[in-house]
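What follows is a set of structures for review.
In the two complexes below, chain A is the common chain; its partner is chain B in one and chain C in the other.
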Partner chain A sequence: MIDNGLLVQMLLGALLGLSVYLPLSAGQLSLATPAFYAVGGTLAALLSTRWSALGATAAGSLPPASFLLVLILGGLLAGGLAVVVGQLVLRLRGIYLAISTIALVEIVRVAILNLPFTGGAVGIFSIPQPFSEAGGYLVPALAMLGLTAALCHRLETLPLGRAMGAIREDELAARCMGIDTTRVKLIAFVISAVVAGSTGALAAHFLNTWNARQGSFDVSVTTLAFVILGGSRTWLGPVAGGLLLTALPELLRPVGDVRLVVFGLVILLGPVIFPGGLVTTGLLERLGRSFVPRRHSASEVR
Partner chain B sequence: MTQPPLLELQEITCRFGGLVALDRVSFSVHSGEIFGLIGPNGAGKTTLFNLISGVTVASAGKVCWRGESILALPPHRRNRLGMARTFQNLRLFDRLTVLENLMATMQRQPSSERERLRSAWQLLEELGLIQLADRDAGTLAYGDRRRLEIARALATRPKLLLLDEPAAGLNPSEKDGLCRLISALRSRHQLTVMVIEHHVPLLMRLCDRMAVLDFGVRIALGSPEQIRHDPRVIEAYLGGAV
Partner chain C sequence: MIELVLQSLLNGAASGGVYALVALGYTLIFSVLGVINFAQGALFSIGGYFTYLLLGGKIGANGAFPGLALPAGLPFWLALLLAAVASGLVGLLVERLAFAPLRRSGSEPLQALITSLGAGVVLVNLLQILMGAEGYSFPEGALLMAGLPDALVIAGARIRTVQLLLLVVSVVAVVMLTIWLERSRAGKALRAVAEDPTTALYLGIDSGAMVRLAFFLSGAMAGLGGGLIGLSVSLPGPYFGIGYGLKGLAVLVLGGLGSVPGAIAGGLLMGLAEALVPPDASGWRDAMAFTILFAVLLVRPSGLLGSGPIEKV
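Now for the complex of A and B:
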């Protein structure tokens, strides 16, 4: 039932979940992830189809080193865009930030749809592939997820991650305690964009075709649902949410057409049944303290 | 006495629309003293704290730190200069643990995680919070929350500690304890302390000097003894003779 293709998509879902989670853990409800995902994917599609130095063959294959380079460039472009956009939108708070990031998603979508070199409604197709089958993408997708998760995990015990937590709890108090909230929020936003951009670059190759619909408002809602259903207190939440919610529509295929209704019900009832998400700090503490590095015990110091 | 005061307010005015919250308030706070700020409700005490910590922008006047104007600095830069505050209506990081509340504010120093932990642990011990280190701040009892806010402010290693009604909601014996604590913290951390407090007897015992605000105007400044006998203060608190 779960083939390699779906596994890759699940991993991409988890990555996008983490991209939404990062600003959210600094208290910033940004829905800009699909915009950066689309930017990364579009750049990757353009580079791989047009830049001959990358060494794409006529048969549609791409050397792994070029693929890696494109992933990095996709992340960098998205990150660069986030530096510029972030300085503007991060002045806003709460739902105002959410609305302005939705606007960004729309702007990017319409731009990709109308720019002369992005292929219009059809998009860019026959994107060269580094792997001959879907399973090949598992390695880079797993590596990216591992890297991003490790970063999120490490953040929890770094001053930057702690500052993000403080801002989430009370931004004014954080400012008065010497935390440069503007800078911290921007860093979280940029890391989130880099993750989304690289994920987009990977997805563009995996899907073989790329168009403006990849980064739409729908994706904003879905990726937010990953975090809400999975839980936003630790990085494991969005990973679990991303994996599950990406797999669910496929797993429900035997149910027939009502599967989308069931999918909707899961999103609707999930937060009612699990108010803090599936993965909460309470759950982790029950599973064992090793998962929760943030909590220091007295014995550690003495 | 050539050294400039630690903190100096010059003709500070703050207007909110048509309301003058502070009207040309001036005074200095010197290194090492405990300086009290009293006044009836709405006198502008908290507004004054907000101006000093950079949360609110002054309409006119100057705030100087060791003789240099700090008006252009945002709150986090002022904190790094060496001032830290507490809030009248407690603003802890509720879903972080007690220990994390302190760790989160230690951004620059100490530089190693080990030192940060040690220093946080010391502060918790000093403020009697050590048993609560792993609890979420939001679950603490009121008095503990008050002390945690002081501990969090101290974790940023301030020279000037601004306490906004630290005794509010405490019972008389807790108030006495707080009084002793503030004196002890001052000497142990070489602090200068500014306190807003409604409980005048507590301030009279604690402070070296105090200022009285009434409707945004500084009506008195001096030692507790001078304040006690100042006719304008008596009038503001007890009402004038008709």
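Now for the complex of A and C:
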């Protein structure tokens, strides 16, 4: 039931989960991931179909090196956008930040739908393929997930990651301790955008077609659900949530129309049944995963 | 020319009225619980479909129930009112399923965001199973049943009655709600819970009942909006409420979280701004609300009429 295509989608889901997790681990509830995903995907789709220097053949294949370049450029554009937008929106807190990032997602969606060169409602199609079959995408997707997860894992012991944790627990206290909270929040936001942008660039090639619907409010919802249901205390949570929740609607396909209702029920009941998410620090300790450093919560420090 | 301007201003004010309705729905719940109910857009859809069915519209569901409908359509006003009540009841159900369990276990507000989104996904997809993905137009003559002509001529300009109706009904609903909140015993109790739940408890106010009241009223507001928009435009499919839910959210923040006059002013401002987008750029209209929101948040992070939370040190 799980074929290579679904596996790639699951890995992409895990990457988007990490993209939401990064700002959240600095206490910033940003729902902007789909906007950066859409920007990265659109740039990749445009470059691969229009820029002849990339060497796309008439038969629709793309050299692997060009594919890699497009992935990087997608991430860079999204990151650049995040530097600008982040400086504006990260002054906002809590629900104001969440809603202003939803606003960003909607603005980007409408822009992609209406700009003269992005193909309107149909979007961009026949995007050149670097691989002859879906399984080929497993390698770059796994590599990207591995890189991002390694970064998140390293962050838990690096000063930057510690500062992010401190801001999450108490932003004011963190600032009093001399942490440049604005800078730390911006870095987390930009890394998150780069991950989402590159993921979008990969997804555009994998899906072979790209349009404005790829980065909508729905995606904000599902990607946030990856993190909340998976668990937002360690990077393993969003990865588990992204893998499982991407697979779920596909695995439920046999039940037909009811599958999205079931998906909704999972999101509705998940936080009630698993208040801290599926992967909690407690669970990891019970499993004896000593390589996951224990996060000290504010109450323990006191 | 004057006709065109008048018509587009009225269109703007009419959709602004509906945005204000949705935003007030959010405001009611936010002021009491400090959380956003993301199922509001789904309740908007549900209100539209209830109104359609009560008017005697047929259940679609890809022809699973051929010809199934109410034996006779209700008068428009009654249908709209009952649909609002029904949406309010669904709102109560959302509270029971998505908010009450979390409140009892005392989890973070972030969780309620997810559970209410989940409730919205369930509702919209149930609607899709029951009614199909196709769009519906309201039965012909729904307006005539309400005893209203199709168009009015004011100052030489021909104006669709539906738009006027939209504006009047939403303004009346908003004003009635505001007066009720200010004057009535239950309204005062609701504001007391919003102000300080502990003190309200000592005053003998049943905060649980007030929370349910807020959810009922909020659902009814969304349902009313859905019925009105369904009448004026049509029901393009079960997801149509989501877009209005998002714009309501923009209005909510634009006006200032928890501020009733802010929600009204924000709604009208947003509707008028959208109406000013020239027709040949109409594709960009949906971005208007969010661009304004973005701009306002950067200048005034607590919204136009919000006071902004006092930060605890």
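Some observations on this one:
Just so it is clear, the second predicted complex is superposed on the first by the 291 of 302 C-alpha atoms of A that agree within 3 Å, B and C clash if a C-alpha of one lies under 4 Å from a C-alpha of the other, contacts with A are read in each partner's own complex, and residues count from 1 in each chain.
In the analysis below, a residue touches a chain if its C-beta (ideal position, glycine included) is under 8 Å from a C-beta of that chain, and two chains touch if they have at least 3 such contacts.
What you are looking at is a predicted structure, and each value in this text was computed from that prediction instead of being measured.
In the superposed pair of complexes, A:Leu172 makes contact with chain B and with chain C alike. In the superposition on chain A, A:Asp180 makes contact with chain B only, not with chain C. Judged by the touch definition given at the top, the superposed model places A:Thr101 against neither chain B nor chain C. Once the two complexes are overlaid on the shared chain, A:Ala163 sits against chain B while remaining clear of chain C. By the touch criterion defined above, A:Ala111 lies against chain C but remains apart from chain B after alignment on the C-alpha atoms of chain A.
Of the two partner chains, chain C is the only one that A:Leu260 touches; chain B does not reach it.
Measured by the number of chain A residues touched, the leading partner among chain B and chain C is C. Under the contact criterion defined above, the residues of chain A that touch both chain B in one complex and chain C in the other are 172. Residues 157, 159, 162-163, 165-166, 169-170, 172-181, 233, 294-298, 300-301 of chain A are the ones that touch chain B when the two sit in their complex. Those residues of chain A that touch chain C in the complex are listed here as 29, 88-89, 91-92, 95-96, 98-100, 102-104, 106-107, 110-111, 113-114, 172, 217, 221, 224-225, 228-229, 257-258, 260-261, 263-272, 275.
Per the touch definition, chain B reaches chain A in the complex via residues 53-55, 74-76, 79-80, 84-85, 87, 91-97, 99-100, 103-108, 113, 117-118, 121, 130, 133-134, 152-153, 155-156. Interface of chain C with chain A (complex): residues 36, 38, 97-98, 101-102, 105, 107, 110-111, 113-115, 117-123, 125-126, 128-129, 242, 246, 249-250, 252-253, 257, 283-284, 286-287, 290-291, 293-294, 297-298, 301-302, 311, 313.
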